[in-house]
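Per-chain residue numbering starts at 1, and chain names A, B, C and D are given in the order in which the chains are listed.
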């Protein structure tokens, strides 16, 4: 087994991988940029190396600096987490050249999946169902016009090198095609340095469902069931769950078999995810393959009882998968909320800053994967993901109940977070009935937040009034805890009172 | 469904039950004694009622006060937790008389199981395997002598009304029998107001394995698999796990069938646990039935995927068990550590006091059920259980790895805890090989703690030295966080430095 | 102690007083039975009658937010005997300030000083956490002043420009 | 700043000094490259070379415990320029104090003032959390003084009796 693993990432996923290392008796090496010195992953690592300024190109995306740290620390493997260098074939190749094991697929498999058009071509050959469209970049506007006419509107234009919604355009009619094509091309060029754009039939109100894969280096490939990821905002997932409420065992087997074909066609090893679009008739179409651990991997871990990071490390270590497809058993239901530093009252724009108070949920069925702590200042330089809160239950209702309870316990003070959004989603009747698609969240956000119209009841407002006065009297430095600060007329006298201090300050005025 | 449940308990189990209520949309009513006003269960409840002074007889054990609160609050059910009134048939009866549902078995079932001798008699009739001995209280010393001679030494004397090791005596030879019998009787009289003592063959180095039961009010009884509870100190469980490493499916089925017979013979409803002693040949003998939720119920929840408190509430509400015996599937392995406020350097004596710093573990496979928070003063008046840390894994090794990792993350400052004991247990080769019995922990504690002999390595000591100086310079009020306090010569200058404050204070001297 | 506390557009008068180590509380003159324990700094466990509440206090800049459970209240606390916390005068006419909606970096300035601007038109772009946020003119007018330059780091609430 | 720090029976001299916002650190005169961030009050994230440590500080009564990861060190910190933290003189002869091993209640006093006592014999019983703890005589001698009465609440470290 590896003796030491370098984690080329930050935030909650770096902490997640460090934990896996420690659980397996492996030393964990952290890297950090200047603004991340106080980050949790540095605190939790066995070794930590500075790798430069906040800008990712000079730190977390800098291949040479990461490999230098690998050499200096004597790490024998690198876990890339997600994002950053995790899907960078050049990095995987550089690791191989440097003699350090990259915990992920081979560079060749990444290459095969990295370009959406090339992936489409090879999937077409492997007999994988694809959304009707071109598997090659569009040559001219005329070609785009012909293909769109053939497959029928609405169509979707997509950047071949794309991701995260960049370089994507939905086109409802031929009149809009030209300008959309130009816009998609220039956005693709700007975002990825590659203007290649292809065309697909747009699926109306699709679900986004993905299949988790594992493949060892001895030719064994299994699927671990699907995740429902239809709740998205700006093409970013917000809530994910496993299993999907609309997938039954037979559909799961069919999607799983296709996903295995996809992985095998790419010569895939380690953990990966095959994404599908599912239309309202439950037809599913291959979308793309993510050649890394997903943010939402915990929901799969909870319903399968497996640890994907442990398995990634074991596979990279050359071990065989310790179970067969038949031994994978799904049980219960899991839902993940991505807690972001975002301001719900300001269009969910990022809200970095100092966390002044942090109350943490725990208890039955609650998993918390977090990169934050009380007193930490969330830097403004990176993705605003603070933590993931995952609820598990015997069934979907219980998972929702537990998650709602835990969200009510969670308090992040000092910065804005999207915790209130999850309360809104989890209490929505359509969500509870599992009537969701990729447009669900945009529609929900366009509606007025009902909860804001509800006038707080008189007693709750009174509590707020009294507490506001008490906090003012206690002052910002109220450091005492667990002591009685005030007592109504009915009870016995309190032995100690923080109010004394307040009263003394008062007397001094 | 119930609208409002009163929780007649405190500490982690009160918080556990409040959470279940909230998950099910039920309001939770807390009760608290004078020293528990600042306790976590009061913070988390929807309503909270003071019930008197610290002494349990005047608060948590006072049936009339609890029922008064039930009436005043309009609670339609009472959850007793474990301990306190949970196995008190008189309380169950008083609840019934007051028209409030007691969430637990009927008073009659409690009575049947409350006396160990009466339970033995009814189990004998039901054909349940018992440790050889008497099923009635011993009349005379002569009778004791005869029975002991028949079943063979060593023998165990036990109080009929007993529990927690009180009124128990191990007798190795006839010469010790008289004094042991007198001592057991007077201890039983003192502890339980009942001097009845019976005799059993003492099983050498037994395992303590118990079977979790659920029975609804419609005659359906199921078992949810066993828990291995052999790790005990002073007859109190310290570490529990599920499943037991020595129980295979066939043995589980046999124990489960016996446990179902036990429960049915007692007309049992709701959650209960049948305890067995298991000898080295894996023969199992009925020990007693605990007519309540156990402290260690979370390990069963993790391996079955069920929520026992939800199910208790549903059963009390008159619902049918929502699954059959065949649908109960065990998966993975779970281990629980009971975190106590105890001083490992002072023979594990209680260590109440103020928690000045609390760092909490989380992440994959970790469940934390806790009644403590930073700033809380642990009262000296109750059981020292602070929290339970439960690790789940695909297999026992992974559960141990995750739990060890989480124990290393857990930090409780200001009071002493037994966290270091769990590190010692989990790293012990015999524990890792699952070679455990009820004498394991006493033997371990008699050994010298190897870890204390290991001289801290030079660098770690140097870190302690430097940190001690830094903390001294920062002073006890060091409130800044996330800021660089010192930089070695190699790195760039730090933008902000708390050391400035220290330097200023320094200059003022 | 007496406070004037404004919440949700309504102002309450709160009297907190002490006698024999017992505190009593009056809201708009009406006596309220209240029992409070400071569980941690900024966290009160409060009982009003027998209802239990976990109340959190968040001070962000000059704002005080009181969270009762998961419900947030923006509170303005005035101590009638002091001038410290008097409400700032609200001025709906004259020059308007454009403030940073979040901490971040000014990545683009779209209009220069003296330019005409429509209400809602973008004036500057602030970036944080890979997200760009256009700061828009609150009214039609002229850019009187740009107070930051491209590349500048700003905090939430910093004044970036003035339109009049 | 210079400190004398005693850990595990050994005393170290620690120099911490500042230059240009950079701090340097010398242990017994040897320069050590160290980088520290106060993550929270009483929690340091410390790098020594490239090794990373989470260090916690616990102050219980007069004692300072430093936890490096899960390893605990009892530290005594002396500031040579002040008299504040001088070690208390250790006196192995003469009267010995019996102190409470934990906060609790004195439930029984087993011996009265003036009684003879053997080393290890129980003198008082302190109870907390349903557990009773016998406080034993540290040496053979006479009970010079009992400082508490039955029923008294005591804190850990409180002197309960003196044997001489």
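Quick note on the criterion: a contact is a pair of C-beta atoms (placed from the backbone, for glycine too) under 8 Å apart; a residue touches a chain by one contact, two chains touch by 3 or more.
All values reported here derive from a predicted model rather than from experimental measurement.
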Worksheet item: More C-beta pairs touching across which pair, A-D or A-C?
Response: A-C
Worksheet item: Measuring between mean CA coordinates, which chain is farthest from subunit A?
Response: D
Fill in: Where subunit A and subunit D are represented by their mean Cα positions, the distance between them in whole Å
46
Worksheet item: What is the distance in Å between the mean C-alpha positions of subunit B and subunit D?
Response: 31
Practice prompt. Could you please state the distance in Å, as a whole number, between where the Cα atoms of subunit A are centred and where those of subunit B are centred?
Written response: 36
Worksheet item: Taking each residue of subunit A in turn, which ones touch at least two of the other chains?
Response: 37-38, 44, 374-376, 408, 481-484, 491
Worksheet entry | Two or more partner chains touched - positions in subunit D | 35, 37, 39-41, 43, 47, 51
Worksheet item: Which residues, counting only subunit D, touch subunit B once they are in their complex?
Response: 1, 3, 5, 7-8, 12, 14, 16, 18, 20-25, 27, 31-44, 46-48, 51, 53, 55-60, 64, 66-71, 73, 75, 77, 79, 81-82, 101-105, 128-131, 133, 156
Practice prompt. Within their complex, state which residues of subunit A touch subunit B.
Written response: 15-16, 19-20, 22-25, 34, 37-38, 44, 50, 298, 301, 305-307, 309-310, 329, 331-332, 354, 360, 362-370, 374-377, 392-394, 398, 401-402, 404-405, 408-409, 481-484, 491-492
Worksheet, complete the sentence: Per the touch rule, the subunit B residues reaching subunit C in their complex are 30, 37-38, 42-49, 72-73, 373-376
Worksheet item: Can you list the residues on subunit C that touch subunit B in the complex?
Response: 35, 37, 39-41, 43, 45, 47, 50-52, 54
Discussion item. So in the complex, the part of subunit A that touches subunit C is made up of which residues?
Written reply: 341, 343, 346, 349-353, 356-357, 359, 380-384, 407-408, 411, 413-414, 420, 423, 456, 459-474, 476-491, 493-495, 497-499, 502-503, 506, 509
